[in-house]
Structure formats: structure tokens, C-alpha cells
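The structures considered in this document are given below.
In the two complexes that follow, chain A is the common piece, with chain B as its partner first and chain C second.
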Partner chain A sequence: MTDTYFNELTTQFSYAFLDSETPVPDELYITVKPEACVGICRYLYEKCGASLVSMVGSDERPLNGGFRLYYFFSLPGHGSSVPQGSRSFVNLQMKVDERHPEFTSITPYMPAAHWYEREIQDLLGLKPVGHPDPRRLVLHENWPKGFYPLRKDFDYKTQPPRTSEDFEMKRVEGEGVFEIPVGPVHAGIIEPGHFRFSSVGEKILNLEARLFYKHKGTEKLAEILPFTKGLFLAERICGVCSFSHATSYCQALEKIANIQIPERAHYLRTIFLELERLYNHVGDVGNICAGTGLLVGNAQGMLLKEKLMELNEAITGNRYLRGMNTVGGLRRDLSEEKRILILSTLRQIQKEFKALIDVIMFLSTQRDRLETTGILSQQVARDLGVVGVAARASGLDSDLRRDHPYAAYDKVSFKVPLRTEGDVSARVWIRIEEVFESIRIIEQLLDTLPSGDIRVEVKEIPPYKYALGYTESPRGANIHWIMTAPDSRLYRYKIRSASYVNWPAVPLVVPGNIVPDFPLINKSFNLCYSCTDL
Partner chain B sequence: MILTKILLGLLQIVFLMALAPLVQGIIKKIKALFQSRRGPSIFQSYFDLIKFLKKDQVVSEQASWIFHITPYICMISVLTVGALVPVIGVSVPLGFAGDALVVVYLFAVMRFFMALAGLDTGSAFGGMASSREMMVASLAEPALLLSLFTLALTAGSLNLSGMVQKLADLKIAVISPSYLLVFVAFVMVVLAETGRIPVDNPTTHLELTMIHEGMILEYSGRYLALMEWSAWIKQLILFTLLANLFAPWEIHLLWYPPKILVLAILVACIESSVAKLRLFRIPDLLAVSTALSILALITLVLKGL
Partner chain C sequence: MDQEMIEFQKPEENQEVLRTHLEELGNHLSEKIGKIFGRSLHIREVDSGSCNACEWEITALSNPVYDLERFGIYFVASPRHADVLLVTGPVSRNLYTALLKTYEATPEPKLVIAVGACACSGGLFQKGYASLGGVDKVLPVDVYIPGCPPRPQAILQGLLLAMDKLEQKIRKRNFSDLHEGDTCHRP
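After this line comes the complex of A and B, so read on.
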């Protein structure tokens, strides 16, 4: 936030400001009066073009006798770089009284808040007053009322009784309307999710997606573990964005501990983040061919992905790049041989991937399937705060790597591809272009890799401090927020994955398309269930 | 005399039954090679059949007698067709029983019951697949009939063995513009009738996109064996028709396998080189097939005049 914005905000809402602080360089925390919160959020969203990047509910009754809500905004909005030295993340926080566990919903003005508020209702028992769709979200109906797992007085070992109530699906009724229930158990190796289509003939009228079948209690568990063990948890939030999540976790704690990690560690982290993007994007492009029945393309894509994962294993010992990150840097260094191995493998991959694209993306039958299918409009993308590939394919120019540089992204030059069509084809093309950009980034970093240490020791972290850690994962921005507790533990760990914000966009994209195109549309988003269902 | 004919007819049926899984296995193998995979053995389809036959079956409580009878009807229809088409000889032992039209209609019976069975269990995927199958069928059937008619006009007979004989007698003169047009039209119909890419994807696990696989999704055990097997036999019969109608030379046991192998390779190549069509583009493909047949017919009539 630039000073002009901040000054405007303070004059406009001076009566509501209780406190403001900048605990870490680019994050501004403003404590506001609860009754003014909606107004300030609207001002930030509508006037300043800020976007909601996360919303956290926290039980701080043991600390200050109330619940607390945090609204995280990214400033300025999409499309331009943040000027140097400005505070780019603005956080509004407000207290919610224990005796009146309610807050005013901001969803009617900012649709992007809808899932966060429902989640806070499920996990903390704070009621969003005025929420247009206050149904259960994270905890299904078989979870009894009155059990709120993220409250501090809820023991993580509690096994609540199973209850049963029906979830009210939105229904479309009328002559010839056909309901198609799909899942939660699927034919392929896919995570659980229930999709309810209402269709007339082949045309889809409405889709309701029901996720959260495997709530794992990750955030609760993180409050039990010491921060060194919490890292392993962060690495296992999901398989395919493992390194991004781990990096977000480490970056948040490094900010809190106020340590500077060695330059070489920054470089290596960036290299691994890009290697993660590479194997995901290459795999996703190949997987699109499974949706269109182009089996040869699918097989070739899988082959290339396998080569990249074998490269991961060769340089880090793990196909998913696990076990490399640690708070304070990296656990293993990259030898000169491995540096050369990466370069030579990538050169080979680049050639083969190019050849694959030349075949699959210019085939008329393939193009006919991809183009104009599953269009995500820029308006919907903006309203829901969609991130990553899906946002950039719909004309939202946002990329954390450029907008809020972390690790060594400010040391390299790269292009952020942008398309405006918003269809399946655009999302595939964004991935394809990013593959080549990733290879360029890795090559630049490997050419200028500084020597030196790869980590600094972090023994303990100060209590009751907080910071954001964020990465642009292959699916988009992963925003982690950590508040620490005494004994180097975490008080609250909020993980907001890219998939979590992008999932609500999928059911909005589908209506108007035909039923057999749904798998293809879904694959073009390729969202993760595990990241969403924490 | 009649007894020998019946015996020979039965032998032909057994021959088709025995060979059909192998053809399926070969197509799968070739597709696997295209995908840089080793792929299962070409005999895998036999092992699958044995496995299905040994397994228990689970039948939906909602299923009526239609669900139970359909596998047998499919098998019987397709075997009857098997007795009516010339396979490894021009003469058909039981050819007196029916001509090309009967072949088309027996396939229609098979499809009719399969679509009913898809609806019968009340599963969403079955119903969806049945409605798609009917859409495809309503377009594929006229295309198939038209191409057979064009050949019948050339040959002057609707009797399949008569047709093959006439075409064989023409020797090299059989290759005319209309003949080539019909060949292309016929290949398209065969792709649709056998549920192959670009019309249907036989290897998909995505229920929402299925046609043929969707209708048989509820089948298991012995019934599934019958459904799969009859589909493979139907495929072999269509290949046989293609081979004997469009390469009507050297029709005997020695030349039959290479002809079928060439067709299997052709189908595998087509399946490996195009993406599956968007559902509502399938009518376009079949319309092209019909149009080609009509063109062939016109060419033929003009030439005849």
C-alpha cells in the first residue's frame, strides 16, 4: 500500500481505526472496529482495486478474550507491479465477542469471501450474518452441531458422534431436466468429490460441486506440532504442490524469526519451485489429451512428466521434491554434476515438449474440442478472486512471482503469459508458454548460481508474531499465514491454496456446455482436492 | 446336404467367436505401441473373458428381465449375423436365410436391447449412454444401408455372397470412383459401429463421456463376458465385410488373416491420430459418410446411364 492510499483510508475511516502496525516489511496490519469492517473492506475492494487473498478466523480467547478475524488484501489490484518499498499486503483485523459469535458477512459485496466465511462458521462457530448461502462447507452434515475443531478448547483427539442430516443440493426442476450424480467415488484415480449436474439433453443447466469429503484437520494438527515437524505437514498438504507449500511455510517463519537466508538458498528454492511447475504443467498438458481421447498425446505427456520427476529424484532424492526445504534454507546442496544434469535434461525436455505441442495443439479435432469450451469470464474470475493459470487465461494479469517477488524471482527476467479467451484452450496455452518460461528461469538461475552456505540455523521462533508466506504454485497463489505460540509452536496456521479459491469457479464455468465436455473442462483447471480439503 | 451346410455354418460361427478376441487384442497392442507402451499380450482379451466368466456378478435390484436377457440377445443376434456373411469363402453355408438387410437389422436388434438394458438399471450413466447410442445409431444405420445398397447395385444382388461373388468377378474393373467413395463411407460407419475414436473412446474411464461402455457399465461377471465378446464379434464381422467387399480377391483361409490384420492396423492408426469428436460433431462425421454413399450412388447411376 502506498502512503497515498493509506492516508486516504485513514482520513475516510479514522473513527474506526484502533491500531496499525507493520510487523514485517511488506505487510500492514490494521485493527478496526467490527462495525466498520464491511465498509473498509468495500472501500479497499471497490475503490482501491484490492483483492481478497485470504481470510482467517482465529480463537484468541486465551490471549485477549475473543475471536479474531483477519482479512488479507493484496494491493494494488491485478495488472501492475507493486512499487518498491510499498506495503503490498493489507490486513484488517477485528475482534468478535465470545458472547455474540457473529460477524457481518462481506460476501454480498465481495463474492470471493463466500467459502472463507462458511469455513469459519464450520470450524470456529462464528456466524456470518447475511451470508447468501450459509450451508455447511468443510464439515459435512455427519459432523454434529456445536463441535468446532479450531477452537482452542477442542482437543485434537476428540471423536465426535456421527450424525446424519441431508445436504440440500440446489435443484433445477422442469420438463426433461435430468439429474446426473457423479462421485464421490470415481472410476479413475481421482480424489473424492461429488458433482451434481442438472441437464436437459446433453446441455448442462447447473452444476453443484460438493467437496471436502476428507477433512484431515491439517490446521489443527499444526498447532500441536513443533515448528520443525510442522514443515513435514506443510510438505504433505498435497502431493503436486509439495515444494510450494513447504516454501510458503518456511518463508512465513523466516520472516517471523527475522532471519535472512543465504542467497544460494534463495536461488535453489526458486529452481526447485520452477521444477515443480515444470512437471505439473507438462503433465497437465498431456492430461488434456486424455480428456479429448488423443491417446498418443496423453502417453507422450506422461512420458515427459516421468522424465522430469526422475530428474527431481536424481537431484533431491524425492520425486515430489520433498525433504529439501527447511526453515532457514535448504537441507541439501546442489552439486556441480547435478547442475549440469538439470541443464542437459531440460534442454532435452524442451525439444521433446516442443515436438509434442506441434503435434497435439494444431490438430483440428483437438482444437475443436478445446476452443470455446468452458469459458471463464474475466468478471467471474475477478469476483471470485481466481488465481494462477485460470486467472491468466481469463485476462487477469496476476502472478505473485512478479507482483510480490519472493526467493530469487527478482533476480531473473521472465514473461508472464496472458490470454483473454478464458476457454480450455487458453488455459492449456498458458501452461505451455509457462513451461518454456520456467526452463528459461532455471537456466538463468543455474548460470548465475552464487556460492556459499545453503542455510542458517533457526533454533527457536518468537511467540505471538505473525507473517504471510506465499508462493505462486503451478496452480496459482498459495498463501500461508502463521501466528506463533510460545515454545516455538504455531498458534494458528492458515493455509489458503490456489485450488481453494479456484474450485468455486468450476461450477460457474460449466453451465451451457455439454455433459461429455465436463471432464475436459475440469482437467483444464486441474485443481487439487487435497489442497482444498485441509 | 442341408446337414453339412448347417455344420459348416456352425463351424464359421465358432471360427468368428474364437478369432474375435484376438483381433481386439491386436488392435490394443498396436495402439499401445503407438503410445510408446509395451501393452498387454495380444491374447489378453481371452484371459479377460475367462476372468469374467469365472467371476460372480452383481446385478442392480432395480434391474428387470430386460437386463438379464440382453446379453443373450446380443450374443445370439451377432452369431446369427456371423452365419450370414461370407467369411473365408464366397459361398455362405446358411446364406439362403437372409441378405444384407437382415445383417443391418440384426445389429439394430442388438443395439435396441443394449440401449434398453442401459436404461433398465436406472443409473444416470446408462441412460445417458443409451440416448447417445440412439443418436449415433439413427445416423450410422442409414449410412450403413446406403453404402450396402450402392454395392448391391453394382453387384445386382442384396445377397451378401452374391455381392462378393459379383465384385470378385469384376476383377480389377471393380475399382471405380463409386467403389472408393463407398469404401471411405463404410470405414466411417465401421468406426461408429464399433465404438471407436473419433466417435467413442473404448478405453476411457470418464463415465460422462461414454457411449458403448456406458451402456454396459452395470454388467459384471458372465453377462459382461457376453456383452464384451459379442461386441468383439460384431467388430470382426464388420472387418470381414470390409475385407470381403472391398478386397474381393483370394477369399480363402490363407488370405483372410492378413486382410483382417491390415484393417486392425488401419483402425489403430485412425484411433491414434485423431482426438475424439465433440459429441455434437459426430452427426457431421456420419453425415459425411452418408453423403459419400449418396455420391457413390449417383456416380454409379450416371455411369450406368
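After this line comes the complex of A and C, so read on.
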């Protein structure tokens, strides 16, 4: 697959290519001359229909005397309309000279790059020249100038003195315009973020979101932990996508160590990934009712979610499916008794969830709140590289489980629901349909579960190798990129979560809606702050 | 790393035990709250950089299975209405100011409960460039609830301990009121 792209790109840009390799199947890495990088990115995005799935900055001065930027693209298969598993990754890399710590911004052509570039500026001190909004992002104003945490000469434990607590936000001015500040500590039991609405009466004119309050230095911390402990960190990137992040981590390292995990482990991982989707989606649908004041629906949704969490605990020992994954497979097997427990519980859940949907989704009062609220257009979704439920509700047909199959997804048949309305209602309906698909997937896997081992021992991982690990979490694609260091440690661990790419869409969707609809819109995206802020 | 296969109790039995435990805990707690406050207990939750799982377990306390409100425990929207702060997360650098302000807005006598390994000690994150390494690095903590995340019953148990502490605090305060006026300071 990657060959075809390579040939096509070579004819266009041979003058700019320095090197290329395919360290793992379906991941092509091309080293390009910095001055040609923007052109090649644009070609991939505009001509080949590629989407930017991640961008990484890495301090490789100790290795080759410079910083390095990586651009990751997912490309569709040639001459066909996205059949199963036909996409591959094409990754560009270029060196940034230490004496000129800057690079040309690609944001003006590909808005999806906007946060990656600001983050690289904050954490590595490389300036994106031409970026339309080069404000701080990850490190708030309390962070002094001149400290770059992801540089190798910065120690994880350094705590530079606090500077200013002020920050600037865009303002809307005019007669009758009010500003409503919300957060970072909210009224409900939810994560912190600061929102500022400018409104006239009920109508919202503009929303500014300030995030990254929860930034804890996860990526830097991973560099000082052994890879076995790094897994625990991966499980704690996000509470409710724990299994998905852990699987992405394991898959990347398994590719690097070039090991094949047992078939049974693939199946079990897929089952747990779908159980994670289930409890999230069921909870999210119930939670929407909290936004519309339909308390019966909310209580019932929470009850079903609790039952699924109890199922998680019964089969894995943890309500959040933690402690199951390991590099090389799984740590615990699934007994026959538990296999049957999953099947019977899911049958029950399916029935009760169906009954819940019949009640809550057809009420006129409910439909009135959900329909045409918070519309995300397909164009904006594509420009920002939106993923997951939000993408599929706005007509972007993308799902890693089908497009880049991993674990045992190539062994099952399932439908990827798609809607085009892009409103709150569409996002809720996508989740509802996915709940039934997930149950179908789990049933298929449990019916054909192969016997055998569940793990292979991985004692060490080779240094200076890299690979992507990815999963389609309940919120969308979680893409991890790992480069290893000597002594089975990580040199660089880049975590790109689904929430990270979807957040910028929220402030764009809100204007034009009324203030009380904001919680509803927010809930329909249901993004996580922890895996955005890291 | 390596772990033996752990055999759990049969799931249904296990849940049964947990539910009975929950009832006992809850009733005990509600008695205590009644005695101390003569009204319900008001809690404000503050996320100081958690992974969100601790939040979800606290949220789970309000679902129909746990239904905390029946025991007289109520989550309030503002720290100004709170008796207790439940704090999760290792205290990220960017939330330091918000956490302090929330604490200051809470009326005396107040309790701070650290929920989860991160809040108790910094957990996996320790002390780092963006993690201050636990709530007690910033605020006086009264009760520590370990776990990653602690399950809902553990949080209830923690609240029970907190009530004992609060009783002590109030007694001490009344005593000093009698003798030397209000000596309750902000730390």
C-alpha cells in the first residue's frame, strides 16, 4: 500500500526527499527538506485526501544534533472509496536546526495543525512562523519564559517560579453584550476548564475556551519510567478511555518489539474495548437527559451504566478495566463462567436500553431540545480533523476499527453508523446505534473465541525504534506514537487523544445557540479534559 | 508485574455483599450527619488534575444504586455552601490558584478530603514540573481516601471518618469560643 504513495510522491517531490523507510508495515516515513515540507503536506491534504492525524515535536539533539518534527497522515486506498482496511499512514519528518528554532506553520492551509504547533512552541520552544494565533496553549501564563519541558536538558522535577496569573481572551464589545465567565471550577462534578461566553440576551455570540488546566506533564513523565510502568501511566491518561489508551500503548510497543500476540489476546482486547465503548455510550445517552431536564431518562441511563461497570468489575476486577492489558497480551484470562456472564448481562442491557430509547428519544420536548442544536458542519469537521462520534454525526465516514483494523476487528462484521445533520440529536443517535453494534461485535467474538495463551513475555524493547499505536475509543481515534530509548525506556511518547482534536470544534459550534443549550452541546460531544491536557 | 489469576467471588454474591455494606455505611453516616448538623451534609467536589475516573466514582454516588441523597448527603454547586471539599488529582500547576480560591471561599469549619492516590500523594505523577504532588502540599488535608480510583463505598467510608473529624473540630472550636474567642484561622 505504502509503495504506491511513495512512487506518486517521488515523481512530484523527488528533489525534496532525503530518506525513506517502512519500519513497520503500513507506516511509511519520509525525511524531507524543511523548505519543501509545507508543499508536501498540502499535496497530501489537498490532492490525496489525506488527513493529519498527529504531529510530534521531539528533541533529538543528543542523537543527531537537532530537533525533529513528524507529521502523520492517514491516506485512503487508491482508486476505491474507503473499503475495509485500505488506509495506510504516511509520515513526514524534518529536522529543525537548534540555532534557528523555528519552522513554517502549516495551519494557514490545514487548520487541523493549529494546536499541535502551539503545543510544540510551548513545550519545545520551536516557533511556528506564520501561525495565525500563536498564543500560549499548554503552559499557562504562570509559566516563565525560557523553560521548555520536553527538551532533554529539562528535568521532570524542575518547578520554575510562578509568574503572571493574568491571561487575555478575545472579547466581543457592543451595546447589550454581556460576558459570562464559567469555571475553571464548575458547578457540577466535572473536569475543569474556563469558558467565556459573550452574549446578547440568551443568544451566544462568541465562546472562548481556555483549557489545559489539568496539564500534568504526562508525556515527559513517560520518558523517565520503565516501559512496564509507562503502561500504568497510559491507563491513567483518561479514566473512561483507560483500556483504549492502554491498548494503543501496548500495540505501539508490540510493533516495535516485533512480536505477535496470541489470537485469543486479540479477541479479548477487542471485547474489552467494546465494553468500554458500551458503558461510555450508555452513560452519555443518559447524561444527555440531564441536559434537557428529563430526569427519568438520566436516572435510567446511570443505572444501566452502573450495571455495565459492575460487569467490568466482575470480569476484570476493575470498574474501569484497568490492570488487564500488558505489553504482549493480557494479564488475566476470561473464564467460561465469565464469558456467559457477559452474554447474559448484555442481553439484559440491550433490552433495557432499547426500552429507554423508545421513551426518551421520541418525546417532542426532548426532540425540540436536541434537533438543530449545536450544528457542526462537515466542512468545519474536516478542516479541524474531528474524529469519532462527532465526525460520524457530521457526515465524515471515519472509524479506525474499519479503516486501519487492529486487534480482532478484521474478524467481525459491523456497521459504522453515519449521519449528516451534525446536531446534538445526530451525535446521540450515532451513540445509540453504536451501542447495538458493540453488543453485536462482542457476541460475535465471544461465540468464536479461540483458545490458547493470552500473552507472550516481553522482557525488553529495542532502542531508537518507532511506531504508531491506535484505537478507536468511545470518543474517537486515540493515536499514540512511541520512540524508544536504550534500557527499555521511551525516548518520546506522543499521545494524541480524540478529545484533543475535537475540543476546538466546540467553541465554533456554540455561537447562535442560547446559553442553556451549551451544557447540552457540551454533553453531546462529551469530551475529556484529562486526555486533552495531559 | 506478573500477577496470579485472581479468583473473584461470584459476581452476584460480590455485588450482594457490597450492597449490604452500602446500606450499613449509609445509615451510620446519615445518623452522624444528623447529630452534627441537624441537616444534610453539603459537599463541593474540586478536580485538581485527576484522570477523571475519581470524578466518575464520585458521580456514581448519585446514581440510583448508591443514591447518596437518601442518606442526607448533597453535592452543592458552590464552595460557599459546602461543609466538605472532596479534592481529586495531584494538583496541577495550572489549577493551583483555582484550588486555593475554592478553599478560601468555603466557610469554617471545613474539611478537606483527598480522594484517590493522586490527591493523597501525587500517585503516579509524583512531584513534577506541572504536578505539585498531592493536595496536602497545598491545603491541610483531614482525610485521605486511597484507591485508583477508590470505589464508591470507599468514598462513603472516607466521609464517615470525616464526620468524626468534624465533630472533633467543632468541639474544639466551641471550647475555644468559650475561653478565648474564635481561634479558627485560615492556614
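Criterion: the second predicted complex is superposed on the first by the 517 of 534 C-alpha atoms of A that agree within 3 Å, B and C clash if a C-alpha of one lies under 4 Å from a C-alpha of the other, contacts with A are read in each partner's own complex, and residues count from 1 in each chain.
Here, a residue touches a chain if its C-beta (ideal position, glycine included) is under 8 Å from a C-beta of that chain, and two chains touch if they have at least 3 such contacts.
All values reported here derive from a predicted model rather than from experimental measurement.
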Which superposed partner A:129 touches (first chain B, second chain C, both, neither): neither
Touched partner set for A:238, first chain B, second chain C, both or neither: second
Touching partner for A:369 - first (chain B), second (chain C), both, neither: first
First (chain B), second (chain C), both or neither touched by A:292: first
First (chain B), second (chain C), both or neither touched by A:303: both
A:187 touches, of chain B and chain C: first, second, both or neither? both
Chain B versus chain C as contact partner of A:319, first or second or both or neither: second
Chain B or chain C, by number of chain A residues touched: C
Partner chain(s) touched by A:213 [first = chain B, second = chain C, both, neither]: second
Contacts of A:515 with chain B and chain C, given as first, second, both or neither: first
Residues of chain A that lie at the interface with chain B and also at the interface with chain C: 187-188, 299, 303
Chain A to chain C touching residues, read off their complex: 140, 142-143, 147, 149, 154, 156-160, 162, 165, 184-185, 187-192, 212-218, 220-221, 228-229, 232-233, 236-240, 242, 299, 302-303, 305-306, 309-311, 313-315, 317, 319-320, 322-323, 326, 331-333, 341, 528-530, 533
Partner chain A, residues of chain B touching it in the complex: 31, 34-37, 124-125, 127-128, 131-132, 197-198, 201, 203-209, 271-281
Touch list for chain C against partner chain A, complex: 1, 3, 5-6, 8, 11, 14-15, 45-47, 49-60, 62-65, 75, 77-79, 89-90, 92-98, 102, 123-132, 148-149, 151
Touch list for chain A against partner chain B, complex: 178-182, 187-188, 201-202, 289, 291-296, 298-300, 303, 363, 365-366, 368-369, 373, 514-519
